[in-house]
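Once you scroll down, you'll see the structures, which are given as structure tokens.
Two complexes, one shared chain (subunit A), two partners (subunit B, subunit C).
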Partner chain A sequence: MNQTGSASKPTAASTEGAHTPSVSRRGRIRSQSRWWSAWMFLAPALLLFIYFKFIPMAQGIRMSFQDVSPFLGNTWVGFENYIEVLTNERFHQAVRNTIVLGAGQSFGAVIIGFLLALLLEGPSRTLWFVRTAVFLPVVTASAVVGEIWRIIYYPAADGFLNKVIGLFGMDPIRYLEDTSVALYAVMTVGIWSSAPYYMVIFLAGLAGVDRSLYEAAAIDGARMRHRIISVTIPALRPAIMIVSILAAVRALRIFTDVWVLTGGGPAGSTQVWMTQIYTQGFERNNLGVASAASILLLIASVLLTFVAIYFTRNKEAK
Partner chain B sequence: MSTPVSSPIPKRRRRQSSVEGTLDTAFGWAVGDQKTLLVRGIMCAILLFVFAGPIMTIIVGAFDFNTDPTALTLWPHNPSLENFRVAAGRGIWSYFGNSLFIAGFGLLIQISVAVTAGYALARRKFYGQTVVLGIFLATMMLPEEVVAVPLAVVLGDLPLLGISLRGTIFAIILPVAASAFSILVMAAFMRDIPEEIIEAARIDGASEFRILVQVILPMSLPALGVVAIFGFNGIWDQYLLPLVAANRTEDYTITVILRSLRADVEVGTGALLAGAFLALIPSLIVYLLLQKSLVRGMTSGAIKG
Partner chain C sequence: MELGIKNLKRTGIAMTVLLSSTLSVQAQDTLEVWSRSGPQAAATYEAVFKAFTEKTGIKVEYLTALQFDTQLQARVAARDLPDVLIYDQSSMAAYAQNGWIKPIEVTDLAGYDDVSEISWDSVKVADGTSYGVPFSQHAQVTFIRKDWRENLGFDVPKTHDDLIALATAFATGDPDGNGIDGDTFGMAVPGTTNRGFFAWWMFSYLAQQGAHYVEGGEGKYEVTINNETGKKAVNWLYDAFCGDPNLAQPGAMTNASATPFFAEGKAGIYQTGPYAIPSFDSKIGKDKLELILAPAGPAGSTTLTERTSIYFGVTSKLPDAQKALAEFLISAEGQTVGMTAPGQPVVRLPVNTTLNGAEIYGDDRWATVATQLENSELFPSDIDFTAARLEIAESFQTLFSQCNDDVDAQLEQLANRISDELSALDALK
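Then we have the complex of A and B:
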């Protein structure tokens, strides 16, 4: 029905469509209904996306070139907002923190996730139970994760974690109040709540590793360590690659964890890109600058996503 | 994989036992070997403590009346419902209600949208199909964090319609009501339904809509499970959106109000844990019910950041 390649010829299409006997082959479905019925099915999704994704994006691009003031009216300011973002010391700090936090958290979560998968691989019921329990942090809402870790990190000597490290003779740490520790405390929570996610992906990968390779390695006299390095990791390499990049893309826009745990403090030591956007946009009502920062974030994540797609393609090609 | 775990393998040492199960796992866990079992048991205990322990303290702490933030415990010393009474005084049930309503209603719309759009993508040929697919994929690069600032402005004054959604639950529901991930999961699954079945229904004179609801939908239950758990987690985990879409604190969801509950010096840790418990339980229930769907969705390769 679409041989003319045009949706703008409703009469022809609908009469043809209505009387076409339903000869069907895979991939070439002849439908008895009118040409617009597909669009009716698509309409809710498209409308919602246009209203709540694309219009805001267009609005964001526009505001990023404007000095936004609701009562006086917006004035065009060219690239001033972008210059403001790129020269602002707070944003510089936010970039540094986002990169350290994002890289550390992604790297840490992927490594811990891999170790978890190695430790918890196996078919027994008990292991299934442990895996189910270990996965709980992933499904727990970030706000809840933040609150419980604030209690665990309680800075007094009898705070939970301080009591634990006290058992090993360590002095209490003011995790979220110490400017040199806070970012790593936030990183730890991020790793804790996302490592089990990667564990599940790696477990699926481990199940697909050819067992005869292990056998061959055993016959060759390879030890467990060598087997993991030369059989398991190469088999999982594509998964590790993709998962790492996706983790990095996600880490760029980290917000809730930081916001709940520290609010960007102390003294801006955990301020990341998104918390900076929030502060500028919603606390200082600096919508133009916040929009410019959002657009830069969008550009960064699009670039990273294309890197991810590039690696995915490579994997499929092999 | 060939060795059943429960099989009582007699204590065999060294070479023999290591051949028995070690080739089934990357780490080379020997099945039935006492030493391995012990090492593994200790590992599992540590992992449970580290990963599930904090979650358990929320559940236990919610029912343990306590205002001392240092007394995190895995065993209730003072079991009572007092925490919930204190939290109720701060309106926790109303925030919980907001959250449940938003999650329920939002998920319902998200599933309906995913089913219809997925159906059109999977089973229909129409002009502009690639463009539509491209649009859906593009939205994956526009998560709510990226558009939060302009979205807050747009929600305050919807273009063309000229109405403000701010302060209504629709401001939180509608932006999450369409998910490209859900749509693509549904489409991928519906593509594999044999055409003959749909053809048969068509010959019986069923309308397009009826085919979707009565033929395709019942066959798509596995995909619906995936969409349901990812959709629920996505909506329940919302933080920034309810924060910026609210006019007053009364519009907040339970995840957002936890922060105010903590800042309230008169409330104390117990009531905060009661709030955290309420924010935790629905996700726990959905997770335990749909665990298989969750794993399927994560490992299907359809997932994107």
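Then we have the complex of A and C:
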């Protein structure tokens, strides 16, 4: 409230200057009206947030403690839904898969995003074109990306990717059918579609690196890899931190890629937390259990964010 | 300042008008009807409802949703259900158990007597109450690429051995005559676990081998998939999926649909519903396609019966209109439009006994479907079998994608899971 008051002072002063009579009274009315006028401007967004975010969230928390059946009446079941989630074998499998997929995908996408940024940094027109082309997967709907990759991954010998690896004498791979390969196939698609997004953040970070540092390093005889390790990476630390948090939180909520590519199969080998929530909620009509699983996911995301912030703060303090 | 207020007023008025017009779209006397249909079937439904509106003056607002269950959940949460739902018989028990649909006094419906008794029996839940009105019925049938079969010099398969021999020849030979051996596949298999679909597809082949997931009736079932016949039947299928050559199309276990593999000339045998006839005719050609009775296994040629029924949403304020629509849909007129309107037949074979499907279609293949229907079984639908069906589909997907020779052990596990799901419903014998 104080902030709003002080921020609006200059305008208040200038109007007061223009109109002479009853300065103090009008000034008071103005400043009184100010505190709620700020809320007025916030109101549309706030209302939308309350209606579409906070109320559903509260409802979700309530449903996670209930056996949900809107027409027969919900019944309170305490922590039963949570126990069901925590003891359910399929959720255990989903946790393992989510962690492997999340870690692999975040790591892969950040590294590749970084390499792409190094390659494509610069003001040249051609680079601008290549950057746009590289960025395309990010703006493509994930359902479309999934379908395209299903074609690329077509498991017969005349499938696109199988033909390519066939040139090197390799046997065809059943990318999405082989239970030991499917998760990595999904991971590759995730990396492919999210790396360019991180590239853009890194590009913004690279633009802010002091050129003279590179020149100084070059004069000192530093090679390319020394320059990257000693100049670029330290300068990009804030960007790397942001990108890693984003990647990790995104990876926890991965759904569409998996759903379109494999539907969680084969044999649950690509079943992740979100697909399990969907199955419980919409296929098995177990909305209480699905809500409990969603709340656990929320808690995990919040914890992860806190851990990440803690580490960033520590770094900054140093 | 004044201008600002005026603008604000105008915006306010505009918003109010907009809001009220949105709300009034759904008029009081319009019947909201949902079905789970693709665009072609939806066109046929539109024609059926048009005929209904012309006859009765009751307007219908029709919505088709492929993600039927997800969208229905949203309406359940809002406690505002569509007036009428037209959907697979297998969902009825779950909807009834959750209190989403109304019990129906079926004998009060005009035209009750014209509908076969077996159809009326199918819409009862375990306690004998009816929650649906039968609308369409068919059995899964076997489609074969006739031209491929003839190219390789095979006869129409009559037994499971014939079927496997033909599928093997399709998978290893060159039935499409493009000069490359082995670039075609034996069978198109819908191995997806979505809605537990794989469990439906397997049902027919298991039944032909004499095996069932569960046996019983009237709300009490016993798990039999792990008995000796069950094990033998599953092992037979296991060899088809895990043997060399693999008889299913690549990606069978994760493809959302197996239909394109058959329709686009990649696989030569496909067991599915006869609703696919029009689209296969146009994509493959009627002369290159044949529809046959299921090749017999040791226990015969039984396949899966599939039924579509009409349900009444409990929140509806239009009980008379609901009833009128159901009466129209089971009448000779409604059933005929559902079979013949352009698109895809939504009434596959009529439940109305005064009609003869094959005659109306003018196509003998529908007589084959009718014969197959005589020799088919319904998946239990008097209890909510959804959870058990998902378990079945997931277990078999695991078994056939891992191919680790673990059939007996996995069947025991599956049997335990089905038992757990059934006892949760108090439906275990």
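Definition applied: the second predicted complex is superposed on the first by the 261 of 318 C-alpha atoms of A that agree within 3 Å, B and C clash if a C-alpha of one lies under 4 Å from a C-alpha of the other, contacts with A are read in each partner's own complex, and residues count from 1 in each chain.
Keep in mind that, in the parts below, contacts are C-beta pairs under 8 Å (C-beta built on N, C-alpha and C of every residue); 3 or more make two chains touch, one makes a residue touch a chain.
Source: prediction; values computed, not measured.
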item: Three-chain arrangement built on subunit A, subunit B and subunit C clash or fit; value: clash
item: Contacts of A:Ala156 with subunit B and subunit C, given as first, second, both or neither; value: both
item: Which superposed partner A:Leu46 touches (first subunit B, second subunit C, both, neither); value: first
item: Which superposed partner A:Val85 touches (first subunit B, second subunit C, both, neither); value: neither
item: Which superposed partner A:Phe282 touches (first subunit B, second subunit C, both, neither); value: both
item: First, second, both or neither for A:Leu101, with subunit B first and subunit C second; value: neither
item: Subunit B versus subunit C, judged by how many residues of subunit A each one touches; value: B
item: Partner chain(s) touched by A:Ile191 [first = subunit B, second = subunit C, both, neither]; value: neither
item: Partner chain in contact with A:Ile228 - subunit B first, subunit C second, else both or neither; value: first
item: Which superposed partner A:Leu183 touches (first subunit B, second subunit C, both, neither); value: neither
item: Touching partner for A:Leu72 - first (subunit B), second (subunit C), both, neither; value: second
item: Overlap of the subunit B and subunit C footprints on subunit A, listed as residue numbers; value: 150, 154, 156, 158-159, 281-282, 287
item: Subunit A partner contacts - residues on subunit B that touch it in the complex; value: 1, 5-6, 19, 22-29, 40, 43-44, 47-48, 50-52, 54-55, 57-58, 69-70, 72, 112-114, 116-117, 119-121, 123-128, 132, 135-136, 139, 141-143, 145-154, 158-159, 174-175, 177-178, 180, 183, 195, 199, 202-203, 208, 212, 233, 236-237, 239-240, 243-244, 255-256, 258-259, 262, 269, 272-273, 276, 279-280, 283-284, 286-288, 291, 294-295, 298-299, 304-305
item: Interface residues, subunit A side, partner subunit B - complex; value: 1-2, 5-7, 22, 24, 26, 28-29, 31-33, 35, 37-39, 41-42, 44-46, 48-49, 51-57, 59-60, 63, 116, 118-127, 130, 132-137, 139-144, 147-152, 154, 156, 158-160, 163, 192, 196-197, 200-201, 204, 206, 209, 211, 214-215, 218, 224, 227-228, 231-232, 246-247, 249-250, 253, 255-256, 259-260, 274, 277-278, 281-282, 287, 290-291, 294, 297-298, 301-302, 305, 308
item: Touching residues (chain side subunit A, partner subunit C) in the complex; value: 69-72, 150, 154-159, 174, 176-179, 182, 261-268, 279, 281-285, 287
item: Touch list for subunit C against partner subunit A, complex; value: 69-70, 73, 76-77, 79, 94, 98-100, 183, 192-196, 250-254, 256, 314, 386-387, 390, 394, 397-398, 401-402
